[in-house]
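Both of the next two complexes hold chain A, though its partner changes from chain B to chain C.
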Partner chain A sequence: MSNDVFEQVKEIVSPYCKNKEALESATAETSFLEDLQINSARLVDIVIDFEDEFDIEVSDEEADKIRTMGDAVTVIKAKT
Partner chain B sequence: MSNNQQRVVITGMGVVAPNGHGLDSYEQALRNGVSGIQHHEHLAETNFACQVGGIPQGIDDIKEDYLSEESLLAMNEAMIFGAIAAIDCWRDAGLPEPGDKPDWDTGAIIGTGISGLDTIGKKLIPLVDKGRVKRLGSTMVEQVMASSSSANIGGLLGLGGQVTTNSSACTTGTEAVVEGFHKIQSGQTKRMLVGGTEGASKYSWAGFDAMRVLARGYNDKPTEASRPMSASAVGFVPGSGAGMLMLESLDSALARGADIYAEVIGVAVNCGGQRNGGSITFPNPTGVQRCIQSALNLAGINGSDVDLINGHLTATMADPYEIKNWQQALACEPQQMPKVNATKSLIGHALGAAGGLECVASVLQLSRGFVHGSLNCEDLHPDLEPYADRIVHTTEDSDARILAKASFGFGDVNACTLFKTFNP
Partner chain C sequence: MKLSRQQRWPLFVQKIVAYLCMPLLYFLVVLWMKYIKNYRIHDLRSVRRRFKQISQQNPSGLLICPNHLTYIDSLLLAWAFSSMGSYLIRFRTFCWNLPNARNVQESVLYRVICYLGKCILIDEDPEKAKQTMNKAAYLLDHGHYVMVFPEGRRSQSGRVDSENYIYGVGKLHMDSHLNQVLCVYLRGDKQQTATKMPARGDRFYIRMKLQTIDSEQQGRRAMRAAAGQMISTLEQMEADYFKQHK
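Presenting the complex of A and B:
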């Protein structure tokens, strides 16, 4: 399950990534802003996509804590 | 002209038009009288009286060749049309692919009349009214701000000069050329990317339909719908797209060995003040004539020096008045008028992009030696009979040297540019 969620997160963030190579080799520690070079403004769009894809609601406080691939998986898994 | 004033030339162009994308395709469509006007089902479904329009075709198939997946997430139709035309224009000007550093010597004035109304209509208003503000995401502001296209293009090309948007209704695209001219002529910058872009949203067009200024009665024969100068003109056909020109100081163009399409020798903008017969929707004839004459004065030429006119000519009752204004401004007899054509007969009226698309058509005609025919005016308006042999119906070769282009817009605003074949 966690692997599936990780792969789905990868797919969701892919369009926003400027560094697609870093995404290919991403781990739980891979950060959205530094490693994947995602424009920080787009984090709100990624959270909306998580909400749609997993049918969950993510509060602003929870969204603020999502900095890495692993953070995203943790938040999503806690709600699904 | 004093010595420190720069001559201004055109070193690149880009176009996304209803009847062709790219300069060669657009030129062929103009030469061959290919109309970009089609019937659009979504206009029929929403009860438009005018269900035809000019919308660039095939852009979805090529947009990813120009723009990253990430960029496209934050771009509506006007931004995509504008970006593709701007990138084409940049490359056509022979400028290097954008790198890590801004090009401090190039700015942009990218006009739009109505801009991102598709985003506002489809997303912003429905979500906000449902109380779902959070769902708007991060890309709303950059798609609905008036400067959405210029801001986007400034980033794509790494522009380091002034990057802004002008808006003056249907005068917009030509006004951008005028403003860019001044920036370069006065020595403030080397290059300005200028023009206009407009999306094809039904929300943009609906108000014009309600005003009853759009063409009715041609829903089953779309290529006949846009009829500037004809007796049967019943209103304009809405259009969309983008047209861009790279204006550059002659010194800069020569220094880098750029190809030169033409020179801009005179420009003017003004407003008729909505007086003397002028209103929000109709031009004060004195204002129009003064605008054209101001451009002639700046160029230091006489009306008789003008060889071609690319009119505003939208296919409303204003067309005969426009032709009369040209004749009076140029101070010539009807029989001595320069030849006249109406690009809108092929692409419709692209509102804020019209001036950009038509300036590109104008410069192509001058630099490639032709004058394109105007469609659908075989039944010339009776008031235009004195000018009958000056109106070009079918494309012909041309050795014209000076072309006058004007655009007029709601607000009684006018813009005129004079293009001349380049002669060092």
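Presenting the complex of A and C:
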């Protein structure tokens, strides 16, 4: 399940990611802003995509804590 | 939007100091732009008339959202919107600005000018940036004018950047509980792409449009929709500019 979620997160993040190589070798510690070079404004789009894809609601506080791939998986798993 | 007394007090002091220094600052900045850089505003009188009309129609605060091509866009607009006398009478219409702290923190002079020019610096740290946005929402809520560039940075393409714009301006609009924003399109005749400074002797075209922001969505979706509407309006204004300046 965790691995599935991780792969789905990768897929969702892919269109916004400037560093595709980093995404290919992404781990739970991979950060959206520094490693994947995603524009901070696009993080909002990514969280909205998470909500649509997993049918969940992410609060502002939870969204603020999503800095890495692992953070995203943790938030999604806690709500599905 | 509510602020603690510790947050409100520095804003109040800054407003008073800025008011006292405004005549000198305005004089020096306009002197530099008009006589040293030889900049001119197309049809300055009608721009000021329109701005006055808008401010009279809006006794509440106003979020002003211009496109962004040079470092001095906010100075040019401050000059274009009102005379020194008008600002002294209606100081709330002299806009607060939210520049990136990184751009000014290395120079004491820049920091002083920013302070006197009613700027609240946006820090890169998300928590501090959020506090600045809360201050801006508070100011809007209390009848002040706040200028924010929805594109977030100078457009590298020279056209309104509809790909990389920020959503924070949408959040600010939501937090301010105002229905309308003032979209402003500013462009120098010689401006091809983003530069630090406009070319010497450039003449600036300015158009304003009060835009009602509609969204049936909530939360971050509403924030994204609001920012998107501002950018669409700016794109439309840009299209009008190029239609007129073929």
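Here, the second predicted complex is superposed on the first by the 80 of 80 C-alpha atoms of A that agree within 3 Å, B and C clash if a C-alpha of one lies under 4 Å from a C-alpha of the other, contacts with A are read in each partner's own complex, and residues count from 1 in each chain.
The definition used in the following text is that a contact is a pair of C-beta atoms (placed from the backbone, for glycine too) under 8 Å apart; a residue touches a chain by one contact, two chains touch by 3 or more.
Quick caveat: nothing in here was measured; it's all calculated off a predicted structure.
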Are chain B and chain C a fit on chain A, or do they clash, once the structures share the same frame? clash
Determine, under the contact definition given at the top, whether A:D45 touches first (chain B), second (chain C), both, or neither. both
State whether A:T27 touches chain B only (first), chain C only (second), both chains, or neither. neither
First, second, both or neither for A:Y16, with chain B first and chain C second: first
With the two complexes superposed on chain A, say which partner A:D64 touches: chain B (first), chain C (second), both, or neither. second
Looking at the overlay, which bit of chain B runs into chain C, 41-49, 131-139, 365-373 or 401-409? 131-139
Footprint intersection on chain A (chain B / chain C) at 39, 41, 44-45, 48
Using the touch definition up top, name the residues of chain A that touch chain C in the complex. 39, 41, 44-45, 47-48, 60, 63-64
Using the touch rule from the top, collect the residues of chain C that touch chain A in their complex. 126, 152, 164-168, 219-221, 223-224
Complex interface listing, chain B residues touching chain A: 69-70, 73, 134-135, 137-139
Using the touch definition from the top, list the residues of chain A that touch chain B in their complex. 14-18, 39, 41-45, 48
